[in-house]
Amino acid sequence: MADTVETRGTAVGRVSGSGRLVVALVGGLFWLWLLARWAYHNTLLDRICTALGLPDLIRSEYGVRRREPWLPAEPFQSAADSIGSVPPGFVFDRIAGVFELAAFATTAGPELAAGAFITVYMTVLGMLFGLVIAVPLSVARVYGGRIASTAALVYTELIRGTPLLAQLFFWYFALPLAGYFDAAGFVGRNGIPRAAVMVAVVAFTINSSAYQSEYIRTALESVDEGQLAAARAVGLSKGQAIRHVILPQGLRYAIPGWTNEFIYLVKYSSLAAFITVPELFRQARNIASDTFRYQEIYIIVGVFYLLLVLTIALAMGLLERTVALPGVGQPADQN
Amino acid sequence: MEAIVLQSNDWAFILANWEQFALGTAVTILLTITSLVVGFVAGFPAGAIEVYAPGWLRKPVSAAGVILRGTPIVVLIVLFFFALPIPQLGTFIIIDAKVDAFIVATIALGLRSAAYQAQVFRGAIQSIDEGQMEAARSVGLSKFQAIRHVIFPQAIRRSVPGFQNEFTIVLKDTSIAFAIGLAELLTRAEQLYLQPGHDTAVVEVIVTISVIYFVLTFATNRALDRLEQRYAVPEGSG
Amino acid sequence: MTLLDVDSIYKSYDEEEVLEDVSFGLDQQDVEVIVGPSGSGKSTLLRCMNRLTEIDSGEIYLNDDEIHDLDENELRRRVGMVFQGSNLFAHLTAQKNITLGLREVLGMPAAEAQAKAMEYLRQVGLEDQAESYPAELSGGQKQRVGIARALAMEPELILFDEPTSALDPELIGEVLTVMRDLAEEGMTMLVVTHEMDFARSVATRLMFLDDGRIVERGPPEQLFEDPREDRTEQFLGELADIY
């Protein structure tokens, strides 16, 4: 099998039945909290509500560090203290530790929520723009002439052969993309993200386009050859045949790979922290350097990522079943 | 696009510092190897456990796998860096990399890789036709013997593409040890262009390490393809 | 001398009775062919003999040893099995498919095991394919290696689970020839097959199984020419039309 596609590791894996229920419940509450937090500090919503005569409903004017947690830390802290004060013992120390972590998590909540917002939209934009590039790229690989398919091959090999972190550095430091965005003059104000975020989106778009195009390419190649012949036989042009017959089937085959890629990007968007993007991981890093509670904040942020990843995996599984057609793109066992 | 005009004295700067690139590459390769070894040593039994072990053993192993696969590698690296009680152990000679950072990176990349290799191996075991086990038991092999002599040898061969995949992923992700200042390729690259007066060399430095990474991934991929072809067993319906 | 004695065995899956009160005996050198419609329990019956499937109740004796008192692996060493899909070990050559059991189960030294494997490959006419991998063999050749693999363990009884039904018609003959030779050499065999010519000419006895029960059992000529039960006549008639 010389021509195996490099995937970026298989998805997180199958969560068992009861586990899935827990993920759905906890994940649902988590997203509810996230969405509420995002809405509460959203500039655009604030303007709309102010225009509607509710100036205090949405508080986008608070800087990230001035935002108040909604869940009080005291109960968790006092629980931790009371358990911690009973006889010293390994088990009690652990339980006290969990409560202490929960208390810390509530105070870190507002900043982490703000970071998660950037994480999520960078990922979503990177995926969507990446898909826009990936589809023609994969069609060029499979159905293009020699020049087009070679060009597409070189592009994907170059991107997939170098680390994402190096690519981020390239776009941010080496090719001062941020400078161009700044020069364009509309960044960093009025709810429009800072230049670094845009650079990160560019980097993620290009990186994920290469991987997505590989997933789509194998999916296209797995569509039965007779389908193209049959489409041509009823008089469709090659372009029409690809557009109306091959792609609708192939893109369904590509969904499991797409889920992988989505999850990959959620996790690896954390690397944007190194080009100053204040996303989830960077927020955690900032909190760590303020409080010196490194271990705890990194556990908390790990749980944040885990919840994001597991809920996305669950949602993508639902999507897969929704768009499934009988006999087409039988979702391969994606473990 | 004046910014990416490549200046010849910047290339001279890179040539003058070739040793840094060589050492960084050495650390990157070493870290890739140690991480993959940890990944295999832990991932191989984990994959088998996920198929054959009883619930009390299987559940915690697969839960650990979900956690390792669901958390960004950079979070794992920094978490282990602060949470693991690894003393400061000085630096390696010649390659000049901190021992404790190297160990942390190996554990983080290794365990994460183990979680993926376990998936690969588990999938391979499950793809083996049930008749193989039945036939093995029918000549009188015990279940353990059947797994060892009939299932595992076939599963390992089928895992090769997955392991190959893992190789390039780990190789590229060694760059994330940058987060704890391990002197691998990317970290050394940054140290170079942060030297006073050499900030114009950023493009050249990053292009250079990108080329090195690319050559490494490309070369290992081709080499592993060769290896696979050499040891391939004719496949088909048994 | 009685080699196999099956005494009133029962087996059910999820309330569904697959074998009901099945009893029969085999003498040494007997070749018994089991026929019956699909789902009648033929394969299950066969697999109960080497405990790939465990019965719910009843007793099975192999040369006076109750097989459930025996160690599983010991039993399987003494009872060979040939599968419908051959199930050759895909990663091993024909020869190594045979030596694996000899080496690991019997603890035979490598050289002796190899010599023995060659001997049995010669018996099934495949000594020139010793180094071939399963994927390089035809379906008929695979089945013959499968037979050699079972033979090499020198079993007291060999079970054949539809050994030719997955084969292209032109490959069936070579497998049946090997089985016929085996019968002539005195191997005790329990065979599930639809090959009625084989049953007629080789079998010492024919068993008709339906709905998990033995409907009728006797010499092949009797079942073919003068069956006692209507169901037997009807089924064998249909088989004759197809095969």
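Should a chain be cited, it is by its letter among A, B and C, assigned in written order, with residues numbered from 1 in that chain.
Convention: a residue touches a chain if its C-beta (ideal position, glycine included) is under 8 Å from a C-beta of that chain, and two chains touch if they have at least 3 such contacts.
Molecules present, by chain and UniProt name: A, B = ABC transporter permease subunit; C = ATP-binding cassette domain-containing protein.
All values reported here derive from a predicted model rather than from experimental measurement.
Student: Taking touching chains as linked, do they make an open path (line), a single closed cycle (ring), a hub with spokes (star), an all-linked set (complete), or other?
Tutor: Looks like a simple chain-to-chain line, open at both ends.
Student: Specify the chain with the shortest distance from its C-alpha centroid to the centroid of every protein C-alpha atom present.
Tutor: B
Student: Let me check something: if the centre of a chain is the mean of its CA atoms, which chain is farthest from subunit B?
Tutor: Using the mean of the C-alpha atoms as each chain's centre, the farthest one from subunit B is C.
Student: Please work out the Cα centroid separation of subunit A and subunit B, and write it as a whole number of Å.
Tutor: 22
Student: Go ahead and note the Å separation of the Cα centroids belonging to subunit A and subunit C.
Tutor: Their C-alpha centroids are separated by 57 Å.
Student: Distance from the CA centroid of subunit B to that of subunit C, rounded to the nearest Å?
Tutor: Here the centre of subunit C sits 48 Å away from the centre of subunit B.
Student: For the complex, give me every residue of subunit A touching subunit B.
Tutor: 1-2, 4, 6-13, 15, 157-158, 160-167, 169-170, 173-176, 179, 263, 267-268, 270-271, 273-274, 281, 284-285, 294-295, 298-299, 301-302, 305-306, 309-310, 333, 335
Student: Taking the touch rule as given, give the residues of subunit C at its contact with subunit B in the complex, in rising order.
Tutor: 50, 52, 72-77, 80-81, 83, 85-91, 100-101, 104-105, 133-136, 146, 149-150, 153
Student: Within the complex, which stretch of subunit B touches subunit C?
Tutor: Residues 129, 131-132, 134-142, 145, 149-150, 153-154, 157, 233-238.
Student: Touching residues of subunit B toward subunit A in the complex: what are they?
Tutor: It is residues 3-4, 62, 65-67, 69-76, 78-79, 82-83, 116, 119-120, 122-123, 160-161, 164-166, 168-169, 172-176, 178-179, 186, 189-190, 193, 202-203, 205-207, 209-210, 213-214, 217-218, 225, 228-229 of subunit B that touch subunit A.
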